[in-house]
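In what follows, chain A forms one complex with chain B and a second complex with chain C.
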Partner chain A sequence: MSSLATAAEATDGLGSRRRIPTVIGPWFLPVLAAIVIFALMVVLRPPVGTPLGISLTLAPLIPLVFASIAQMFVIAGGDIDLGIGSFVGLVNVVVAVVLPHNVATGTLFLLGLVLAYSAMGALIAVRRLPSIVVTLGMSFVWLGLALVMLPTPGGAVPGAIAAITKFNTPIVPGVLIVLTVVTVAVALFVNQTRYGTVLRAAGSNAEGVSRAGWSVIRAKVTLYALAGLFGVLAGLYLSGQTGGGDATIGASYVLLSIAGVVIGGGSFSGGEISPVGAVAGALVVGMLGSLLQFLGVSSDFQVGAQGLLLVLVLVLRSAAGWIQKARRNQ
Partner chain B sequence: MTTADAKRLRGADERMAAGLVGRALRHPSFPAFVGMVAIWLAIVALSSGRGWWDTFTAAVIVGTILLIAGLGQMFVITGGNGGIDLSVSYVMTLCAFFSCDVMGGSDAQLWPGILAGLAIGVAAGLINACLIELVRMPPLVATLAVGFTLQTITLIYSGSVVGVSSPALRTFTTAQWGPVPVIGIFGVAVAVLAYVVLKRTSYGRRIEAVGQNAIAAGLAGARPSLIRASTYVVSAGLAGLAGVLAAAYAGGAARNLGDNYQLASIAVVVLGGSLIAGGRGLVSGVWAGAILLTLLSTLGNVTRLAAGWQFVIQGVLIVLVLALTRAPGARR
Partner chain C sequence: MSDSHTRYTLEVTGVTKRFGSTIAVNEASFTVKRGELVGIAGHNGAGKSTILKVVNGSLPGDAGTVTLDGVERSAVTTVAHPERLGVRTVYQELSLAPALRVDETAALFDRSARGFRWRRKAWRKLRGVLDEMFPGHGIRPDQKIRELSLARRQMIECASTMVEGEVPLSLVILDEPTSALDSTATASFYAYLQKRSAEGVSAIITTHRLGEMIDNLARIFVMRDGRVLSEQVAADATKDSLVAAMGAASHEAGRSRPSPDTPPQPFGPDAGSDAEPIVRIAQTGPDGETEEFTIHRGEIVGLAGLEGHGQLPMIEAIHRAAASRPGRRGAPKRTRLQSVTVVGDAAYVSGDRGVRGIFSLWDVAKNISISSLKDLTAGGLIRPEAERRMIDDWYDQLGIKGRASDAITTLSGGTQQKALMARAMAVGSALLLLEDPTRGVDQATKVEVYGMLRARAADGQCVIWYSTENEELRNCDRVLVFRAGRIVGTLAGASATEDRVISLSFDGGERERTEMKESA
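Our next item is the complex of A and B:
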């Protein structure tokens, strides 16, 4: 990022026009949008601005934020994950059904799920399978396993997990601390470490990665393992909040997590991702739902509105691309 | 004609017959037929009460609806460039409601009802096509987003609809000509039509050419983005027809009518041996895949397998077939 900015500065006057977006970065707009939506909510319902209000508004969005980070890792590799929703549901069921009876088995199960995710990544990378169909097929495996363990919603999440998700401090809302720590950690790893660069490049320039002596397959497996890890975190957090198990609880996360990453500046061609953007994007999508509720819009419209927002962002981005191209051709 | 000539001719005949069998055995859709027969035999062996032919015709009736949705999906996938239509299930449900609303349970409104369902499907397909080929959205995202929007529309619209399908159409879906279900013949006719369009018209040849190599096809005079755009319209149109038939078979529309078809419509294409990266569509494979998948769920019901395990088997089967058969090459 910084090297790109200096490169733009080094060029002539043309650079000055392009420099602004390069310096600000793709995360700027989604962060701004998140702040604007939050401000709108405060205007409509002033109590939202208090520490308690912030907790109550943002806490339900944390699982979606984790799911978006999971999706971001898969998209970074140039793939797409259609199974994250069912996966979160399966984690939720494991936490509500297996974990209360046997902590060791439950923990091993969750670890096994992360391993299964990396194995899925290995299969996709080694056999060069289309990620869409594999993850869609696996989503039925996750959903099926969850339904076998818990055909109808029920079970009870251990109190310890519920306690962790309700973590709070008297001054700063715990939700903000969790969000900040996770975002900063992921952003530092992806943007500042050497392996983070390799992971991003695995999606956009696999040839370059292998020429530089890194294994593209290992990078993809790592990306899927990270996706699985954050999928498990999303499921744990969701379980703590709901207190019970439901196999289909994560169904909406497929579209919403993709929307979060895309609104956060991620590109489907792989490599171009922004952790801060993805977190902000997830918050935008999630808060849009709450905002619609505040405005008295029926919850029936919610999914459609979130889908339309995704389409709108992509249409605008594509329009911006056309304008840039037209300008360059002038 | 000398005896030597006659012998040579007969030899040629035999070779040709052997060649036909060999070609059938090597055909990429052959495993789907084998799987179909194997599951069929397993059901007959496990369920003593049911006849072997009844088992098959029951699967053909339900499978034909999946076949029609799957054929549309096949056109989209064959067009390549990561083509996939995830809106199939939502298009089916909306079209089912709309056609039932227009039919209102009367035979007089049969054709307007069918046309209304098809029209909604085609309209949805046009939106998909514009988003993908004009706006250049990835097919997966565009069709999923359109699908969710359609789902919202269905949710709001269906609250006020107590539509019942036309009785004539209901009879059509369950009627039999002797031992053969009428809708099965209709399904085969649609499949033959799809085969002719894909393999015998210049339009169909262009779809496969674009799916194999869009740049080469473009240089040869095809317009890749127009060809691909048209496949989304075909897919959504066929999904609309499938939705109308599914509603007729069930007697009316339901909000979860299309749910199973999102994965299943892709599964039948994959199981049937069509290339998931595009460039090769196999209509016979889609037919066998649709019957196979329907028989598989019958097998699940016969053995009283929990719904969860049926999902697991379906998912594993698709991933396994994909992992075993896919030729390494293009991505996504």
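Our next item is the complex of A and C:
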């Protein structure tokens, strides 16, 4: 037994020295990037730093933040959602066309959409279908439905919804409160609850989760239901801000939400997600556009410059991972 | 009924399971007494894993009955939650989620940990078992599973099976539970099992390490071609008797010393040869002096020691140091204490087949030819007949059964490993690096692998081999023993007995080194 202790000390001695502070999680870089970008914007245009400036800068990004959280839940399950853009568009159309005429029908419709998302998750989990195909196919269904209801942009979003999205307080900008509350709630659920752990585990090793006695199918359905819920929230917020309906309004959210999750420390291997990171990632993606505008980059170059900066963030992240690994192996 | 309830934890009668036309398990019957540790031995493909899956209810059988704690069920039915019957299983492929932390993993297995501090509660229970099962395991609750070594993951999996749950544990099924553990961890694992068996917990263990079964279990059932052929009391069993029962007596000879015509290699850090060595390892000694180890053409060199003492970083450093083209000298690469230089290119075979080896969606042929495509192409296109010739050639040489167009995942673990060896050998690199290539592989296949390595070495290839099984290091010309990241000794293959390796791994190193210095 004494020899065993010697061996343990040998390995343990190495172990304690290479300990990395676990405080710095995958969310650290995206949060830092979001702060840096915001600081740059304040330097360029000082009014951005005022409460009103913060509201005006961040409010348009809230739908993207919600869409990124929706995407994050799907990516947590090891899947990818190519339908979230059309889905947000469909929600927008329902809010602008159905809800003003009949509140009950509209609400049921939105609930039905969340259920439809759960059913999609069940289909993917039970039949083991590739999510990329199913969600892409469904994206045309969402878009088609929206176009049937509203072929050309129009309709009118009920005033109550617009009022909710313009929620504000005299001291702290309402956007910050919404962002903080949602982020904290999602992060607590994903990281601190037992079922949140099961959800992440289901994306990381489904076989192992079912061997441990949990239902993988239920976990997948829950993930997709949450994705649907946040898709609806994104659509509601977007509707309140635009005031009208447009079936194609969410088209850009597919790739932007994926970018937000990945910049936020998420990985396609499943289970590796960070809610704080995903929110920060979505803000980075969104604020980059404004920052480039402030810098006077011509709109012709903006998309390209935005893409390059995104790649840069990813390179920084992989470099950080590489340094951590090197320190571990030392 | 009540009598059997007190005596037997498990009675399996006449279980049969077919996969298509092949009979995986054929009328198999065996019993496990309360508090008994039972082993099931047999080659890969003998039906061990299959019968265990029928027993725990995850796979429906075709006939037979399974009686657990006196409650009989038909083997045709499956059980959704075997853990609620007090049955838990550790599978050969690890089933931990790499994205989770250790304490989250503990909570995933242990549903009884609830409430505000669920993670801490679950971890405290798991740590209780870990500390007892693997003293000094060095696992912390905030580590991510994917950052842990294979051995530590296996420790977590073994320990989590033993945590007290909502239903008292009556039977543990362990499929190759020690395949990634070193001998010390293995010993403490069995000590723990024996302690629990005294409390009435029964266990079924399958492992290819026969010595482990003989030393630690009560009875051993030998399976062959899906049948339970013999039952041996472990106290009377020997490796020979088990191997004979498995139907592979002829392979036993393969474990003796390799061909005597290989010249005995000199002892000591520097093997001293006129030809330029393939691998040169420079190590800073304890007194600051530089020790050099060289490895030459035609040599098989083993890396031994306790798990996690620097063998893996070494073999990975050698791989990184290798040049992309034959004949070139690569840039030196460092481990913590050594600097490695390699001349020529290298091929690498990992024992972690599932993750680092196979392309699971491809057939066997593509899995073998992927590394040699450079030699099989003309004008950028693959020449199908050249590829087929190469595959046929390797099928013959390695004796792989089945067709080359079968999906690789339909092969047994041992055969998959042979296909991976073929992939690496087909490249014809000067240097072949093996990372525990026989993990979870049956004895007959192992003997074949040893023969293949011997043949490669005779052809002038250089083989470097990291193994967690000290016994198979006897097949090496020389063995480098590691302790705490340092090479503490060199043993000639014949003298690389388990005792010598273990004594060097712990504290015999200093004495051995002084002996070496004096003799030099």
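Keep this in mind: the second predicted complex is superposed on the first by the 275 of 330 C-alpha atoms of A that agree within 3 Å, B and C clash if a C-alpha of one lies under 4 Å from a C-alpha of the other, contacts with A are read in each partner's own complex, and residues count from 1 in each chain.
In this section, contacts are C-beta pairs under 8 Å (C-beta built on N, C-alpha and C of every residue); 3 or more make two chains touch, one makes a residue touch a chain.
Please read these numbers as outputs of a predicted model, since none were measured by experiment.
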Per residue count on chain A, the busier partner among chain B and chain C is B
For this session: Determine, under the contact definition given at the top, whether A:Ile177 touches first (chain B), second (chain C), both, or neither.
Result: neither
Check: If you stack the two complexes on chain A, which partner ends up touching A:Val103: first (chain B), second (chain C), both, or neither?
Finding: neither
On the A-aligned overlay, A:Arg194 touches which partner chain: chain B = first, chain C = second, or both, or neither? second
**Request:** In the overlay, answer first, second, both or neither for which of chain B and chain C A:Phe268 touches.
**Result:** first
Exercise for the section: With the two complexes superposed on chain A, say which partner A:Ala39 touches: chain B (first), chain C (second), both, or neither. Expected result: neither
*Between chain B (first) and chain C (second), which does A:Leu123 come into contact with in this model arrangement: first, second, both, or neither?*
first
Check: chain A residues flagged as touching chain B and also chain C none
So, in the complex, the side of chain A touching chain B is made of residues 78-80, 82, 123, 127-134, 136-141, 143-149, 151, 247, 254-255, 258, 262, 268, 298, 300-308, 310-311, 314-315, 318
Interface with chain A, chain B side, in the complex: residues 82, 84, 131, 135-138, 140-142, 144-149, 151-153, 155-156, 262-263, 266-267, 270, 276-277, 306-319, 322-323, 326, 328-332
In the complex, chain C touches chain A at residues 81, 83, 89, 91, 94-100, 104-105, 107-109, 111, 114, 118, 135-138, 140, 142, 147, 184, 188, 306, 308-309, 313, 336, 483-485, 505-507
As the complex stands, chain A meets chain C at residues 1, 3-15, 22, 194, 197-198, 200-201, 203-205, 207-209, 211-214, 269-272, 328-330
